[in-house]
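Please find the structures below.
First chain A sits with chain B, and in the next complex the same chain sits with chain C.
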Partner chain A sequence: MLQLVPPVSKNRVLSDFPKWYTPEACLQFKDQFHVQVRAACQQRSTGTIGLKMSKVVVVGDLYVGKTSLINRFCKDVFDRDYKATIGVDFEIERFEIAGIPYNLQIWDTAGQEKFKCITSAYYRGAQVIITVFDLADIQTLEHTRCWLEDAQRENEPSSTLIFLVGTKKDKVSSAQCKHTECDAIRYANEMQAEYWTVSAKTGENVKEFFFRVAALAFEHSVLKELEKGSGPMTQIGTGNLIKVEKDEAENVKGSSQASISCC
Partner chain B sequence: MEATVSSCKVVEGGGGSSRSRSQFSMQFISNLTDLQELEEVYGRLCAEQNDAESQLEMLVNQQSSIENKMTVLQRMGPNLQLIEGDAEQLSGMISFTCNLAENVSSKVRQLDLAKNRLYQAIQRADDILDLKFCMDGVQTALKNEDYEQAAAHIHRYLSLDKSVIELSRQGKEGSIIDANLNLLQDAEQRLKVIVAEKFSVATKEGDLPQVERFFKIFPLLGLHEEGLSKFSEYLCQQVANKAEENLLLALGTDLSDRRAAVIFADTLTLLFEGIARIVETHQPIVETFYGPGRLFTLIQHLQVECDRQVDKVVDKFIQQRGYHRKFQQVQNSMMRMSATDKIEPRELDPILAEVALMNARSELYLRFIKRRISSDFEVGDSMASEEVRQEHQKSLDNLLNHCLLSRTMQEVIGYYITMEEYFMRETVNKAVTMDTCEKGQLTSSMVDDVFYIVKKCIGRALSGSSIDCLCAMINHSTTVLESDFREVLCNKLRMGFPATTFQDFQRGVTSAVNIMHSSLQQGKFDTKGIESMDEAKLSFLVSLNNVEVCSENIMTLKKTLENDCTKLFSQGFGGEQAHAKIDSCLTDLASVSNKFRDLLQEGLGELNTTAVKPQVKPWINIFLSVSHNIEEEEFNDYEANDPWVQQFIINLEQLMAEFKTGLSPVIYDNLTSLMTSLIAIELEKVVLKSTFSRLGGLQFDKELRSLVAYLTTVTTWTIRDKFARLSQMATILNLERVTEILDYWGPNSGPLTWRLTPAEVRQVLALRMDFRSEDIKRLRL
Partner chain C sequence: MEDLDSSPELALEKDPFQLTVEDVYDISYVIGKDLLKIGGEPKGQSGRISDLQFKIVRVLELLEALVSQCNLNMEELKLERDNLKKEFERVLNEGARGDADQVNLGPDKQVIDLTDPDRPRFTLQELREVLQERNQLKAQLLVAQEELQCYKSGIIHPTEEQFVTIENDATASSTKRTAGNNEDYTVIKRLFSFRQGKHIGYCGF
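For the complex of A and B:
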């Protein structure tokens, strides 16, 4: 399946590191990929054969615009009619980052309470959690904390990247937006999340946001891969044995030389 | 006069090229005085004269033919006059014909117009007649209570061109027509009232033929919507009656009844089947009398009643089965880890099965509805624009996704998933605690049990036909297998294989310490002494087998599920997205298999280092105590009484025998492979520590050969490769002279690939006591 995919579309190619939205709540300030990551990308030694994939889970109250946000980015459409998501939907978005093909598997969850049992089964193994709220509805911001908690329960806190996204910027005045942003940034810092304000209707910041997600997730997973590669792999199997053999051989060499000189 | 002018012109031209005249004028000639000139001119004039003469002659010759032509021309004269007359006559005739044609065609055109008007008149007359006929017909039909006939007349009247009627009213007999029209309209109204009345009477009496009779009349009166809604009202009533009856029956079912456990699912099934049957039987009538695209309206009405009945059934289900209460209990049990007031998972089994069945039935029903409406729309929309189609598709999706039935089932399934997850997790835990291993079995009971449970849970979710629910359960199974169950096996392996020497000696102190140690580690290991050690050994081996079987079972499970899902999709459940979702979840599940494989490798490594290595190493070390710096006599002695290798092989055989019986063939093979690697490495070490004579080398070569021969019989892996370095060492130790190595080295190596570096070759050469170090140093490798 993977061999037959057409090349990544031009507007999904990332060569520069995308910038944060606000320095007050962002995951990192660098404007370049990590040195090791850059080196690994140049050598094409990013580990696993084939395409890399990260799982992204989008959570938040109903009617905050999770599906709209994803549809704006993945299909560049905006549907005015509200259609509640049933269970979960998902999209695979293909990127090319620093010359390496990279996929985001975006899981769009239903916000309705009755689907929580279904959606919570998908939280496990997520590399990115995007918590979404409606800028025009402050309550939804308050709920993001619970959403994150639920999603984090299934994952190790250190292994996930968290984003907090305020949607429907087009619906609020700039003054109101500023005000809500202030609150949201406080929340984001508590959650150790990166904050973004977007509008799926106008498309403002949507592409920038997902590029940032893709870049950070990519870097994160490559670093993890590199770490793993140098770690426990050598403990089992032949790697260890060969090493012992060498050491021993050297030792023996030393002793035999000694014995020779003795004779 | 003209002639003079022209001649003058010629003269003026002076010496013109005209051949017919002389180039010299008289004046010019008379002015000449010189004789020579005169003669010259004369000569030329003579020549001119000759010329002229010959020309004249030619012209005279032509005269006869010209005359001939002239006579011919003269004869043609009268003919030409005749032609002129004829042409004039023709022209006159043509213009006459033209006029005539003009006259005729105008008449035809007039005729045509007249004909058209006539037709219109006839049409109108027909219409008026029809109108009259309709009126009379309606009256008689109404009198005879032949409502179909009456409706047909009204239908005829309604389909008449309204403008024609309007025109007719303006005619002479306008008043009569007017009166007729009034009567007709009157009749129409009356008929509508009558039909509506009769219809409602028929519905009240439950007289299906009458109901259908009047149902067919509505569209003739242009009352499609009303007809459909009234008819569906009737059908809804039927559905409701039947459903209530069924529900009452269900509630009264004896607990010992065979279907008692799924009685609510059965009630739902009956309801859905009833509606499906109604759709099935009445679709042809609707299609024939109301046209295509109307089925949606009918089903829309029916769905409202369906929703109402489903709500009742599900309500009763929740109430009777204590669905919400059980869910609460499950939630509480999940929160609190104490084992005391946990709900027994077995209690959930029947209710989960029923919910799965309920959902399967609703999915089946919704799919039926969808297919019917879609195909009906398709027929109606074959000519419609894309927009209309999309509009229809949208309303269909809306009906299916937002009907109360869907919403109710979504809610029920939500609870179901939590309860199913609890059921799975608790039952798996139980299987783990009840784990037993029968003698002679490679794996213990929990592996089979756990996979039976997981398969059962996923299978149940699958039988519910909800893709989202299935995906959720696959995800939960992945979690249970990867975290909970893998952890169990991991812990068992972590206890380690009790490290004792294989034979009974040394059992006393070390084993006691070991047992203490391991019991401290795991906290609950009961110290039963030696037997428990054997148990611990067995438990480790069984766990290894378990891990391997798990890894395989997961792949089998994935494949089975893939097949099942393909079947589900081929039945039309779910779309492309659903497929992708399932694939993604199954991929996650499959990746757990690799994690078990990793665990197996880890366990094997552990076994190798703790159980095999400590035993094998001393046996190999014995090699050191057997001198290989030997003479003929000792060599012969060794031949008779093997000093090392036979015992080593026997020891190995005994050591591995235990593993061979306790491990699955695949793992055993893996272990022997690890062991042979270990032997090769350890043996290399001791060889490098020994010294050899020529015969000692030969002895070592013999020993190595028997060892390799033995190991080849116990493994399926090729071990030649692992012993390549050692056999090359043996080759070196068998050399006659130091320089003989060059026959095998470098360009002379032939098919042999040296695994030893030049430095190592020198090192091995140095092991031979009879080789001088200078010679070795002098070697160019």
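For the complex of A and C:
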């Protein structure tokens, strides 16, 4: 990807840290990027730039609206007709976060049981797991626990960010929504997830949610890279995160393509 | 079974196991006619005759019940025989078509109708491969779309900096580039190396 970067569209530029949906179930309260991350991003202007990509997997029962959620954000469309996802699908969404180009590779998975043996192979290496349920169907909330377990089995639990998303807000009354949110927040806390209520149909909270995902995943991966290096500041110019020389650019290109094809 | 034109008397000559309820009615008609004739003759005997008449009627009733029951049983047995025949033929065909496993289905087995055009035919591995290929093609499409976007914007807004980087690249310069134009450099380099000859003149000058 690195060798070809048309400008990131204006509505995918993030400079401030996006806010949580509810303080009762959120991954962090800060309204700014981590001080080390900010410093690393600023270094970029005098050093060289790099491009990061995080893998996001979206799981949940069939017909809860995983594909609709992704399509609303990535394509800004909503299709009334239900079409079951076959196996897996993916989208790549390009952001610019704190001046750094950053991509989310969003994997949409089939909710139908019969595809589980295929989709589970795509869980590996996820930095973000989004578990989705239908606000109008409480059973789908109960199943999120299993979905998360399945997805976590393929990953190191400490290395993933987890989100719990209630969809189809437009379909439930505000009283019902509040009631279900209470249950969902309990589930989210158990799962150590951040909770969001959205509607792909109206678009409510969809962009806010994915921006939050992108910002948290970005910060998480930059911090992880910094941890890997010898010291927080010294390796920024020399580490492989921020600095990319000509030859390395080719390598990154190769490896990013490999990561798509191996999935 | 019964000839419509035959006279009721013929029923008396029939094989008892071929008898139908209609035959019993014919017999009762014949006997009834004879009893009527006797009844019309000398008086005094009518009492005994009518006694006999009741007994005969009773015997005919018993006969009627037996015959109809017998016929019903026969029909049922015939139906059962036909069903068993069909079932046997079906099992025989299946056994000839598939292997023994398909006939003795276990709890995790499924029968596939080979004549169903919508029957499952592809393996999981084939689906995996198709999906993988689809994903690869989609990834290539995304790359191509981005490239196109670069190309378009490069033509519409060619900046001096970009031309400088093309020249740098063309002369194989190893000077360090600034972060600001690194991105542009790689974009143009890509266009340059992939579309050399065709577009470089247009793009550059």
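The working rule: the second predicted complex is superposed on the first by the 222 of 263 C-alpha atoms of A that agree within 3 Å, B and C clash if a C-alpha of one lies under 4 Å from a C-alpha of the other, contacts with A are read in each partner's own complex, and residues count from 1 in each chain.
Just so we're on the same page, contacts are C-beta pairs under 8 Å (C-beta built on N, C-alpha and C of every residue); 3 or more make two chains touch, one makes a residue touch a chain.
Please read all numbers here as calculations on a predicted model, not as lab measurements.
**Student:** Touch test for A:P18: chain B only (first), chain C only (second), both, or neither?
**Tutor:** Neither chain B nor chain C is touched by A:P18.
**Student:** So, A:G203: does it touch chain B (first), chain C (second), both, or neither?
**Tutor:** neither
**Student:** Who does A:G87 touch here: chain B (first), chain C (second), both, or neither?
**Tutor:** After superposing on A, A:G87 lies in contact with both chain B and chain C.
**Student:** In the superposed arrangement, which partner chain does A:P7 touch: chain B (first), chain C (second), both, or neither?
**Tutor:** Second partner only.
**Student:** Report for A:I118: first if it touches chain B alone, second if chain C alone, otherwise both or neither.
**Tutor:** It touches chain B and chain C both.
**Student:** Determine where on chain A the residues touched by chain B overlap those touched by chain C, and list them.
**Tutor:** After superposing on chain A, chain A residues 86-90, 92, 117-118, 121, 244, 249, 260, 263 contact both chain B and chain C.
**Student:** Show which residues of chain A lie in contact with chain B when the two form their complex.
**Tutor:** For this pair, the touching residues of chain A are 86-90, 92, 105, 114-118, 121-122, 124-125, 154, 235-238, 241, 244-245, 248-249, 252-253, 255-256, 260, 263.
**Student:** How about chain C: which of its residues touch chain A in the complex?
**Tutor:** Within the complex, chain C contacts chain A at residues 124, 127-128, 131-132, 135-136, 138-139, 142-143, 146-147, 149-150, 153, 179, 182-183, 186-187, 189-190.
**Student:** Note which residues of chain A are touching chain C in the complex, please.
**Tutor:** 1-7, 44-49, 86-90, 92, 101, 117-118, 121, 244, 249, 257, 260-261, 263
**Student:** Considering only the defined contacts, which chain B positions touch chain A in the complex?
**Tutor:** Going by the criterion above, the answer is residues 401, 407, 410-411, 413-418, 421, 467-469, 471-473, 475-476, 478-479, 577, 580-581, 584, 588, 601-602, 605, 677-678, 681, 684-685, 688-689, 759-760, 763, 766-767, 773.
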